[in-house]
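There are two complexes below, and they share subunit A, which is joined by subunit B in the first and by subunit C in the second.
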Partner chain A sequence: MDSVFGVCYNGGVILAADQSNARSILVYQENLDKIAELTSHSAMGVAGPNCDLVNFTEYVAKNIRLYELSNDGTKLSVHAQANFARGELAYALRRGPYQVNILLGGYDTNEADKSKEGASLYHLDYMGTLHKVPFGAQGYASYFTLSIMDREYKENLNEAEAITIVEHCIAEIQTRFMLKQPNYIIKAVDKDGVRVIKYGSDPSDN
Partner chain B sequence: MARRYDSSTTTFSPEGRLHQVEYAIEAINNAGTCVGILAKDGIVMASERRITSGLLAPAKTSEKTYTLCPHASCNVAGLTADANILIEQARLRAGRYHYQYQEPIPVEQLVEYVCNYKQFYTQRGGLRPFGVAFLFAGYDEHHGFQLYQSDPSGNYSGWKATVIGANNQAGKSILKSDYKKKQEGEMDEDKEPEIPDVQEALKLAVKVLNKTMDGTGSAAAEKMELFTMKLDESKKCVHRILTKEEAQEVIDSVEQEAAAAGDS
Partner chain C sequence: MVAMAGKDCVGIAADRRLGVQLTTLATDFQKVFQLNDKLFVGLAGLATDVQTLHQELQFRLGLYKLKEEREMTPQVFSHLLSQLLYEKRFGPYFIEPIVAGLDAKGKPFLSGMDLIGATMTAEDFVVSGTCTGNLHGMCESLYKPDMDPDTLFETLAQSLLSAVDRDAISGWGGVVHIITKDGVTTKELKGRQD
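Moving on, here comes the complex of A and B:
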């Protein structure tokens, strides 16, 4: 029932997710932040029940932090983070799977090798598949919006253009999708880290 | 008195020393010499092959140099049997890291893992320390080419150039003067000190081995194993053990230079 989008642009990646926390016929809240920050320069947007969302994102984020602490500040690349998360999903699959479908976006800084610097977006599902993608969507939203992204995406977008594409997708969902998803949160990850572009309802408002 | 503390590796002597560990380190100092030099465009490791008997069939593969993973190799000084266990562990660790993150393991993490494994054997009861010292040569995207040495106690350290095994003190002092001489000769006020390239480092390594090996004069190619690690055009690590002919070429050119230096 959740909608998560991601679009890469030149120098960063945009992640967007609806803010509804609902189960069965009941809506619990409409200001949830489904885009969890893993490190200062990576975040994952998650579609799935709130319990698995919190449990899985914290597990991954804390393990990445543990890696940095135990290895003298060595940072994991976004590629390594995505593969670590994928491994954990695949491990959990035959035990008690996390019901999470993920878009993981991040920015790699690499002083030694500038060719390895830049933003990337990875598409993961609960069964443990992993793909590097230029844009992506999770949930029912993908049926409505992948065609929009396919038409509007091009290489070397700037940040504003990428946000526009995401907003077109949100507008489409809000017109055609049966469920109510009034609020969306949009975040950007670039060389300066993760930041919130905008939200429909303040996630910190309890 | 000392005997009481020698038999157990896990007990400190009243002077606060671990004799078994110290003996293990001492044993390395009689093992075949290994020289490692960090170069501008790669790493060189040179090691002494000890020929124990003329009847022994020569090894078909390397005796001293082992590849741990596509971006790291090591040279062994000490008990080969002990080293095989550690090398197996290192390869397993590198493989597991690659499986988990789909990326090569940072070299220092690999070295640290092997050293933690060694350290364990200096503390656990009833076990003997590994009688092995390593030179590790590796490349990663974090710190480029790296050279480490490790000893049986589990200590490790990074070097620009170092020697382990027999006569390592003598070898180190040659490296100290020659590696530095090279730098001073080309040192400008604001220029970075120049590091030798692989070809120069090979010659320096052979020069050091010539001095540390107890034979008279220059050594034969079959008594030395010369290893280089470089990057190819696609930034892949290339590990190479020089053929007998190539090694002989390096040895000959070192000899010529020494002769020329002697004349002047």
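Moving on, here comes the complex of A and C:
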């Protein structure tokens, strides 16, 4: 029932997710942050049960960090991080699948090769289907938002335009989706890292 | 997807849709993979298994090349793929692959198999995917033996496009690879985007 979607723009990627944490008829909280930060310059928006969200994102993030520590500070590209996550999901699929559908967005700062610099967004489903996309959505949100993004997306958007598209998507879901999802958290990943653009309810009131 | 043999050449073509039941997620998904100069494999079925099997096959081919110091021939590759699939007999990869290549003597090789590795080699064409009925019909009508590369391209392209147009969950573009002893030409097809 989670809504997770994202849009790439020139210089970064926007990720948005609803903040509801609910199971069956009970709503546990309305300020959950479902966009987990993997590295300083990448994040995963995750749709699925909270247990798998936390377990899988921590597992991937810590293993990426271990790679950096073991390999003299070598940073993994967003493509590499996405492929690592895909491999773990594909391995687990026939043993005990993680029920997480992910949108992984990140920014590659590549001083050595400027042609490889830039933002990218990967659609990764729970079975391990990985595909690089300019924009994407997971969950029921896709039925409401993909057409809007098809219509409004163009090459070389700037950050403000990308956020506008995301806000149109949120408005559509809040109008037409059966479940009430009043709060959304929106994050941007660009050359300066991952930062929160806006949230409906502060996730950090522990 | 479909593969056909011509005169000293083979071609393989596939659509480009990545879908989840009735939702189309992408129109640029790769399902046909070049594994060496003269060998292509088309993997139709569950997308995650397409990607896993592609990685597995690349690995096995690389290992073969290191150990044997020669390229794998299509016949051997087809047998390898069949074994890989049957190993998972009671928990299979949901893939129905087709293999297209030129053997050491430059003779075309085509084979197709089901998800547990039952192989069939053909002299004319092999098909796979959700619209195999349509593809069989198109190929049977349009195929002629000993086509040259350009004619083979046209035949493959028309067979694929007409077949996927009658299938709601296939299409959204196409790609055709023609393999001759001199190399590979790849062309994107412009088709109905519905």
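Here is the rule we use: the second predicted complex is superposed on the first by the 206 of 206 C-alpha atoms of A that agree within 3 Å, B and C clash if a C-alpha of one lies under 4 Å from a C-alpha of the other, contacts with A are read in each partner's own complex, and residues count from 1 in each chain.
Everything that follows uses one rule, which is that a contact is a pair of C-beta atoms (placed from the backbone, for glycine too) under 8 Å apart; a residue touches a chain by one contact, two chains touch by 3 or more.
Just so it is clear, the structure is predicted and the values come from calculations on it, not from any experiment.
Give one word, clash or fit, describing how subunit B and subunit C relate on subunit A after superposing.
Once subunit A is superposed (C-alpha atoms), there is room for both subunit B and subunit C without a clash.
Kindly classify A:Phe84 by the partners it touches after superposition: subunit B alone (first), subunit C alone (second), both, or neither?
first
Looking at the overlay, does A:Ser142 come into contact with subunit B only (first), subunit C only (second), both, or neither?
second
Look at A:Thr129 in the shared chain and tell me whether it touches subunit B only, subunit C only, both, or neither; answer first, second, both or neither.
The second partner, subunit C, only.
Check the residue A:Ile197 against both partner chains and state whether it touches subunit B (first), subunit C (second), both, or neither.
In the superposition, A:Ile197 touches no partner, neither subunit B nor subunit C.
Is A:Ala92 in contact with subunit B, with subunit C, with both, or with neither (first, second, both, neither)?
neither
Touch check for A:Thr74: first (subunit B), second (subunit C), both, or neither?
first
Put subunit A at the vertex: what angle do the Cα centres of subunit B and subunit C make there, to the nearest 10 degrees?
60
After superposition on the shared chain, which partner residues are touched by A:Ala112: those of subunit B (first), subunit C (second), both, or neither?
Touch partner of A:Ala112: subunit B, not subunit C.
Rounded to the nearest angstrom, what is the minimum C-alpha distance from subunit B to subunit C in the superposition?
So the smallest C-alpha gap separating subunit B from subunit C comes to 6 Å.
Which positions of subunit A sit in both the subunit B and the subunit C interface?
In the superposed arrangement, which is not itself an observed complex, subunit A uses no residue for both subunit B and subunit C.
Under the touch definition given earlier, write down the residues of subunit B that touch subunit A in their complex.
Residue positions touching the partner: 99-103, 106, 108-109, 141-144.
Quick check: in the complex, which residue numbers of subunit C touch subunit A?
Against subunit A, subunit C makes touches at 18, 20, 23, 25-26, 29, 46-48, 51-52, 91.
Please output the residues of subunit A touching subunit C within their complex, sorted ascending.
Touching subunit C from subunit A are residues 86, 89-90, 93-94, 123, 125, 127-131, 133, 136, 142-143, 146.
Spell out the residues on subunit A that touch subunit B in their complex, using ranges where they run on.
Contacts found on subunit A: 71-72, 74, 76-77, 79-80, 83-84, 87, 110, 112-113, 116.
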